[in-house]
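For clarity, chains are labelled A, B, C and D in written order, and residue numbers in each chain start from 1.
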């Protein structure tokens, strides 16, 4: 499908998620990594030096990438020369500054796939999980027209909801409308970046609080499940989500304990399991390189999914579910799990990038 | 109040909970530890030898106790000579066998306070949390009469519900009736005994399943909140609980994420916090030695309670709550925490024993 | 080199190391996995069922292997029909019984590559690290002749010494003879099998004792570094090793802190690093499928190697060293690390099997 | 002995060690905590507020202390008004600045007991472990005279050596002179302060490097074991120490694996154990409040000492040793353990303070 590899870049390349992007893009069939950008104090150094002492991943990074120079995030000129698409894993405390930084890339004609939360609620910017709302990409035309951008911006949602939202969507796709969801997440430390969670806060401990996480977990699904209006997404109504977010001493892999209530028609357990096992969507149909073959894997064992044992399912891109059982208060309970820095961050971002290419938004 | 110390024993003295009983009884103002019993292969050994290589607690056990001989659990004759009250932490796979073993102690005139689950649903045996349903002790008279026992049996409930049931009860006591509870527990490894959870199953991992635990967490509160009929407890109706139980890599301390809905009258956040902070009950009025001064402690920090930092509150006997906030699906959400082998096991058992003494059931 | 794949089996296929063998043999270029054996209570079940609830590895095992029937270890007849080489990861408390079990396979004409310790000190059985003492394979001829075996047995050494012995050997190969070694190991929990180390023993803890491990760490290197006599190995003399073995809360990867003294000629730090970096041996020359390209990798960072970050170097088959510095008491200090269930167990066993094939001992 | 409690302060009161000082001084029989100092951004706040969100210890701190105002470390005037002795747990990157800060307190007439490393090698400042070199306190007279101080400064050594130096000293006191020590430490994360070690660096991992720690571990014992000259300590000669320092995922408790060689006379194992068990020193003779009754506890179990099980021995002030056995390279091997933030930091500092009082240097 792709005759020449598309040159891509990473903004925030030295952080936890940035390093994961590097790892996943190192041998990508469609993309070639040609541009690395980070904050001013990394700029000018070779990547090897910029991550010295803060390298997180076991996998060795190819020498060619280790020797790439790191540019400043503000250096749009070089980015525009070097690549056509950037994956943004920038961390900036100021939301407006982050939006403006990403905007400059779109102005310069680049496609931006962002992990950052700054633009998630911008009206004309789609928040995408490719298996769920690929149709929201249509917003890009309006976005470019309104803003006069030759490039574009799309964002991916928070990592905390990746473990259960696709399974919920699969049920709705199968015709079972949900009304209420109570979800408790047990989230891995890699989700907090590096240095992130202090070891003294999490060893032999659990922290029942992650700033801003519950709000994102409750609200972002409504935009993702929303419907396209002319120039914006109308958030899904009639569905209420309540979230309890916890940090647990796990390296990678967010787990979600979910209780759900259906609006009218209630599926049987077998109908639910079938809806999950058979679920396929556009990324599978397009055979995108990072798409999991089976997006939702149901494990029949009593005690699965588990973070360490299931996070790497289908190279970390599948969601694993299990323990479907009746809920005394609602209709059903289940457990979901996904890899937070692959499916929930860099891998999910790359899948979004692949979708942009396959749909003709990046050439 | 107590002029002579009451001689007490421990059944299952070598296990995780048994060792905690030993630690807590070592310097008890009312009880003196005179009898230790365990399975046949420990019987005949001094306690020091019976726990060699499987000693779990940092605190040193007094030499006098280390030298006590361990008896077989079946040796009722010596138990009856040695003590008047036994704390049972027996683990037996067969429920009937466990019931019969405990019954023989009651037949022999001893009071039995059991941690085991075997008798929890026996009709004429009260399942007690002293702050909640001390009145259920009245069942003992019927129990002794019906069964011809000179002794008696009371049981304490599962450790998983101690972190949230007293806070719920305090709200109901304050006049706010609950209808629905969805609770997700994050439970410590010490709850599984020793050797219990294999390290390969829990390091860098979470296990979203504990056999039988969700059923206990959902059902036992209904008996505890039930009302006394002539010879039995009528379980509470109109309250539904749904539980998700997880094992996490924490040594001690069960945490619960709770969403609650009230039946009619809904308290304000301040009314809830006041109901908790001001809650006192019979153990406090009687000034029982193991009773926490303030049974429910509300922490105002965003990120509390936490197992390692709050489990030892008031010597491990208080329940710590925090993070009270609105629940989009129900009315409120909060987090509760208690020490599972103190409040939830040995400490809770001893408080029950103290209540038996204070109420005249053990003399 | 290999025109038809060689059928191989695993003895003790359901344990920790057995599962790692299955994983590594699933797509092996020379071997095809045709026979699985385990203890009597697994025999007769498909492998899927035999490991249900005790599956340790994240990687999915191919369905064809999951459906293989598990045989009893005692069932030599079927083993001899099914395969020509077996990897033994049997755990039996009785050393003689273990030796006799492995012998029956050699009698039946199979080559046995054993992870077990039973035969490590049997005079005519070589204990092999292919990069160090491949020449000891010559002992097989004597072994077969003396015992009348058509098959043969070779063993691999304990996992605890793999992190530092190849680096020490590389120095001696470069002409620098060692006289004294003091080594402290920090060993992963997977080395103890499953269920192995109880989580209550290792979370927020370290155990400074592993039964029998220090003796193996001190003695086995002397046989490996020994010289071939007619029918046996004469252990290396003039080298003394002292070991302190600790269990630490790490999933995989044994780390060794090593102080070394040379006999006469002392290399410079650069000579040592060069000896390590340039070290290649027979497995590399023969291009064995599991041989690491570079058996010893020197990391220049201050704080490496680390178990989680370096254990998977070259698919878990390389040894990573670092922190070479002067030792005030001896000559030098350094840190070594290897993956204990890959290089130190199943991967090391497979490399031995490949060497047997390449040298013509298995056809 | 003490008719009025002595008012004391803590410099660096909000850090990890500072909080431990607060906890240990809260109910001290000789000292009353009257002054808290920290960096400028804590100054002016009540202690409660200054530690909000970075409170590490489970034990509740008395309300009276939580309400104490925090002063700036530079505010000597108030310190001199408020107290007569300060415990310094200041962390400053610049060694000279730290020395000068502590000096200003001595100039102002206060006694300073410092945990910081800045003054450890200052010639006229003693580095004290009260059980070992209380006689070095005589240096204070010279110090005061030379410098014109009405106050004084003493320091305590690094936490890494507390687990094995007292046991080594006890052997020398018993007449067995040591010549060589190779020690590998497994050190707890609390030793790095807060936030200190990132969880991503230590969960499922070990870090074989702690900046500057090996040098301290090798050199500081020589000053402690040194002999008094007129105005300085002559470091011990004839003893060489080599250290390997590792960070492990343990909350509190440093463990040391030690190999030792004696110069001439070699004790038997029983002589060693007796030397340890019977060792008593000046703090025990003076019955100082924080002195452990038995400074060195020998555990006979194969697998002790262990950090979680032994760190709290005698309120965290005793050193626990075990596993005495022959060393093939040197004479003996053993394992030592101590609580790094109690014996190795705040508790050790307070014991030094008590010694100053008992010896008349603080009145």
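Definition applied: a residue touches a chain if its C-beta (ideal position, glycine included) is under 8 Å from a C-beta of that chain, and two chains touch if they have at least 3 such contacts.
For clarity, every value in this text was computed on a predicted model and none was experimentally measured.
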Touching subunit C and also subunit D, the following chains: A, B
Furthest chain, CA centroid comparison against subunit B: C
Of A-D and A-C, whichever chain pair has more C-beta contact pairs: A-D
Distance between chain centroids, defined by C-alpha means - subunit A, subunit B (Å): 43
Whole-Å gap between the CA centroids of subunit A and subunit C: 40
Length of the line joining the C-alpha centres of subunit A and subunit D, rounded to whole Å: 48
Residue numbers of subunit A (touch at least two other chains): 56, 203-204, 249-251, 302-303, 308-309
Contacting residues of subunit B [partner subunit A, same complex]: 180-182, 184, 186, 204-209, 211, 218, 240-242, 244, 246, 248-251, 255, 257, 259, 302-309, 322-323, 327-330, 333, 335
Complex interface listing, subunit B residues touching subunit D: 52-53, 55-60, 203-204, 251, 301-303, 308-313
Residues of subunit B touching subunit C in the complex: 16, 56, 189-190, 194-204, 249-251
